[in-house]
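Chain lettering (A, B, C and D) follows the sequence in which the chains are written, and residue indices restart at 1 in each chain.
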Amino acid sequence: MSLFFVLREGFGGLRHSRFSGFVATATVAISLILIGIFLIITVNLGKFVQFLRSRVELEVFLDDSFDEIKIQDLTDEIKRMEGVANLTFISKEMAIREFQNLFKDKQEDYFETLGYNPLPASFRVKLQDNYRTASGAEVVFKSLSSLEDIREEDIVYTREYLVILEKYIKFAIAIDFIVGIIVCLSALLLVSNNIRLIILSKNKIIETMKLVGATNFFIRTPLFIQGIVQGFLGGIISALFLYTLLKLAAIEIPGFISVDWRIYLLLANLGILLGFAGSFAAVRRYL
Amino acid sequence: MSLFFVLREGFGGLRHSRFSGFVATATVAISLILIGIFLIITVNLGKFVQFLRSRVELEVFLDDSFDEIKIQDLTDEIKRMEGVANLTFISKEMAIREFQNLFKDKQEDYFETLGYNPLPASFRVKLQDNYRTASGAEVVFKSLSSLEDIREEDIVYTREYLVILEKYIKFAIAIDFIVGIIVCLSALLLVSNNIRLIILSKNKIIETMKLVGATNFFIRTPLFIQGIVQGFLGGIISALFLYTLLKLAAIEIPGFISVDWRIYLLLANLGILLGFAGSFAAVRRYL
Amino acid sequence: MLKLHNLKMRYPNGDGLDGVNLEVRNGEFVYLVGPTGAGKTSVLKLIYMEEFPDEGYVLVDEYSSQDIRDKEIPYLRRKLGIIFQDFKLLEDRDVFENVAFVLRVTGARSRDIKKKTLRALGEVGLSHKSRKMPEELSGGEQQRVAIARAIVNEPFILLADEPTGNLDPKTAVEILSLLDKLNARGTAVLMATHNYELVNNTSKRIVSIKNGRTLN
Amino acid sequence: MLKLHNLKMRYPNGDGLDGVNLEVRNGEFVYLVGPTGAGKTSVLKLIYMEEFPDEGYVLVDEYSSQDIRDKEIPYLRRKLGIIFQDFKLLEDRDVFENVAFVLRVTGARSRDIKKKTLRALGEVGLSHKSRKMPEELSGGEQQRVAIARAIVNEPFILLADEPTGNLDPKTAVEILSLLDKLNARGTAVLMATHNYELVNNTSKRIVSIKNGRTLN
């Protein structure tokens, strides 16, 4: 069988059913644009969540009676704790400086008047990534308050903020996940349906081809080529579209999140894959 | 022309091209699920943004020398300011109480020892909804600092947090908007394409019907009915799917965002609309 | 009354009709004969107004090719019964519904539809196949369904394009006598054929066509 | 060698074949005659193995209906030339490509394809229409394209199903002598027809079929 003829049949099919081909390509392109946007959202949702969670820390106030050795011991102990990433020691002097900074040294002389430093020293405890949640922070909170010499009331963190944040983050991740699955599945369904409809609309022609001696391979190969070419075109279009869109968005919104260029490569390849999988599914079932 | 026959043709068409009908319905359902999720995201994105922004406030520290009349004047003046929603006055006493609350009354006696209250009184200024942005807060900041007796250093707010937040919010809204448009357009394209393919696959039959005296109306009405029924079914399916999904999600994730039940009504109606618009577009072009 | 006057018509690729004159009076039976590719089917297409002439005109009862509006074409076609050379059956429904369709579009009552359809199927000898799909029929059976559909509504004019090409001689004679019977009841018949033998033994009027021209 | 032995075959709806015996020796010319609906087309379908017998068997050269594998069917069909009663042209390509297709599937060289295709089209008198689409042809022209496609590959056996139904007598005679010529060159021909007149004047072997049974 001549390869040339098979290729010509495949590309001829593209030319012939031009509008169907256009819609198939558009379907792939739309699906991939959605998948691309989904990927961009997922990546940036991750970054955003990290940003919001990076603000989570626990502050442990220390009794003035603790000496340096005690503080060193506590530091070591806390550092070893499950969920703790690192901690900063804020001495009484640093607390004063922060306090004054906050109130813009207007009351510079208060503490002098007072004659001693009323502010306690403290540890600022940063959490490991996977402990930056309401329950994670609670775990660390528990460990901290089980320490000798540290009372529950000495530990401060924004529990409420974390809980609400959590709710939204879970919601966003759930939605993101669901949309991702739906988009992928529907892309496959739509592409395969398109090839199916092309096959059905060529039903008589295919029947006749078989009657005059065409093998299944001879009939299928052009359809695969058609599917793959349409998929590839759809991939390229979606990449171009997203690229332009993000460039425009970046002009409109300074500091707009930038996107890894490999996503475009991924989309083109996904297009080919979709085209192939779609034709394959349809051909297996309807030829 | 008998209405009964037209109806029978329409529903017969559904029965006949069962798989095509299934795919058309599935296409509508998928499109509507995406639109539904998009709506839910939009609504909740709004709520989330409100939540994040509701935390934006400016604090204005007041000189101890201000007397009650002065404070009353300032209150009135600030309340009239562009962008200000309301403000709370925190007296020196309240500041002490908050301070003591924060440090868990460990140093209860410091201020007594000190003999006077070193903490300044302040206004907490809440912003109007549309001023809860980096630039909006800046506007209010400017107005506040232009007040006599208030220096720039007396005004405190989380500028940096706002800027980063802003970036992500703009990104999210832009994406949300783009996805919304794409989903709506592609839903229309896919539905109309499906009807188009049905028309093309019935091309010969339709030609023949015309040759034996069928009017355009006679040929089109069953297609409309088919499109509308498929659209309606798709709408129902998408509503059921989303309902189940959200119920499951709510079990998995306690406190999961709840959804207005009218969204399901909207989806069913959108389905009918999509079915009608899709058949209409295809029929106008291909019959 | 059916009249084609000085018709010229050209397909995009150059073939077509090049001077056709033809008149069929009410109730008349006329043969249109000519070799393959002469233009017989094209003449019929002009009558049921699938094609329009470049010159000349077609008159079918009160409709003229010169001023008929798109909306009127279905009503013109309802006055005609057409037996297509390639049958053109509706492949998505069975034999009964194929024939009944012509009545359904006119909004006939379903009792009448049933009665008339069954009678037409009986006349072409296919009563027992009324619930078969077109693809389950032999070539000759399909042709007879096409005939039943053309005659079911007792048309004003019957256009028959090679209606016996897939029939054996015995069935062909039956069909021809059926057309005669219809003609006797007042339907005008225009039958395109290359079955010269059939035509040689007839007393009916014959119009010859060759290379897109009618001869006198 | 082609042999059908004690064949029985039933379509889902009850019609079918009920005892068919038929043998065509290499290079023989056999007519299969019978009235409409007798089962002629069904016999041909069994030979090119679109249908399979419920009882009995079909032998075509080295292939037997009892043990042929799906993969072999295309190769069986390449040994046959089939003129379908309803033509079955490929509507998505022009006349030339319709005929050339049979050669393309065998992987022939494009120079050979061109030469053979043009010769086959010349033999049915359609050289000048080679770039037309099937729908732009008259009924008789379509039938001749179907004939050209069936003979272009010089098949081992030619199955002709009513190959002159849409042709005028002169063209029909030409086509028949073309089949004769092919037969003289060694191709066996099995021609299904209800054209008794044609058959009455022939010296060739005739097999009659009626109600799904062959008579002797």
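Going forward, contacts are C-beta pairs under 8 Å (C-beta built on N, C-alpha and C of every residue); 3 or more make two chains touch, one makes a residue touch a chain.
Here the structure is a predicted model, which is why all the values come from computation and not from measurement.
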Starting at chain A, fewest touch steps before arriving at chain D: 1
Chain at maximum distance from chain C, centres defined as averaged CA atoms: A
Whole-Å gap between the CA centroids of chain B and chain D: 67
Euclidean distance of C-alpha centroids - chain C vs chain D, Å: 29
Averaged-CA centre spacing for the pair chain B and chain A, given as whole angstrom: 20
Length of the line joining the C-alpha centres of chain B and chain C, rounded to whole Å: 63
Chain D: positions in contact with at least two other chains: none
Residue list for chain B, restricted to those that touch at least two other chains: none
Category of the chain touch graph - line, ring, star, complete, other: ring
Which chain pairs touch, all of them: A-B, A-D, B-C, C-D
For the chain C and chain D complex, residues of the former touching the latter: 11, 13, 15, 34-37, 40-41, 85-86, 132, 136, 138-141, 144, 161-162, 165-171, 194, 196-197
Touching residues (chain side chain B, partner chain A) in the complex: 20, 23, 26-27, 30, 33-34, 37, 40-41, 44, 48, 51, 55, 61, 102-104, 106-107, 110-111, 113-114, 118, 120, 153-154, 156, 164, 167-168, 170-171, 174-175, 178-179, 182-183, 186, 189-190, 193, 196-197, 200-201, 245, 249, 252-253, 255-257
Residues on chain D engaged by chain A in the complex (per definition of touch): 48, 50, 71, 74-75, 77-78, 82, 84, 88-92, 101-102, 104-107, 110, 149
Touching residues (chain side chain A, partner chain D) in the complex: 1-2, 5, 16, 202, 204-205, 207-216, 218
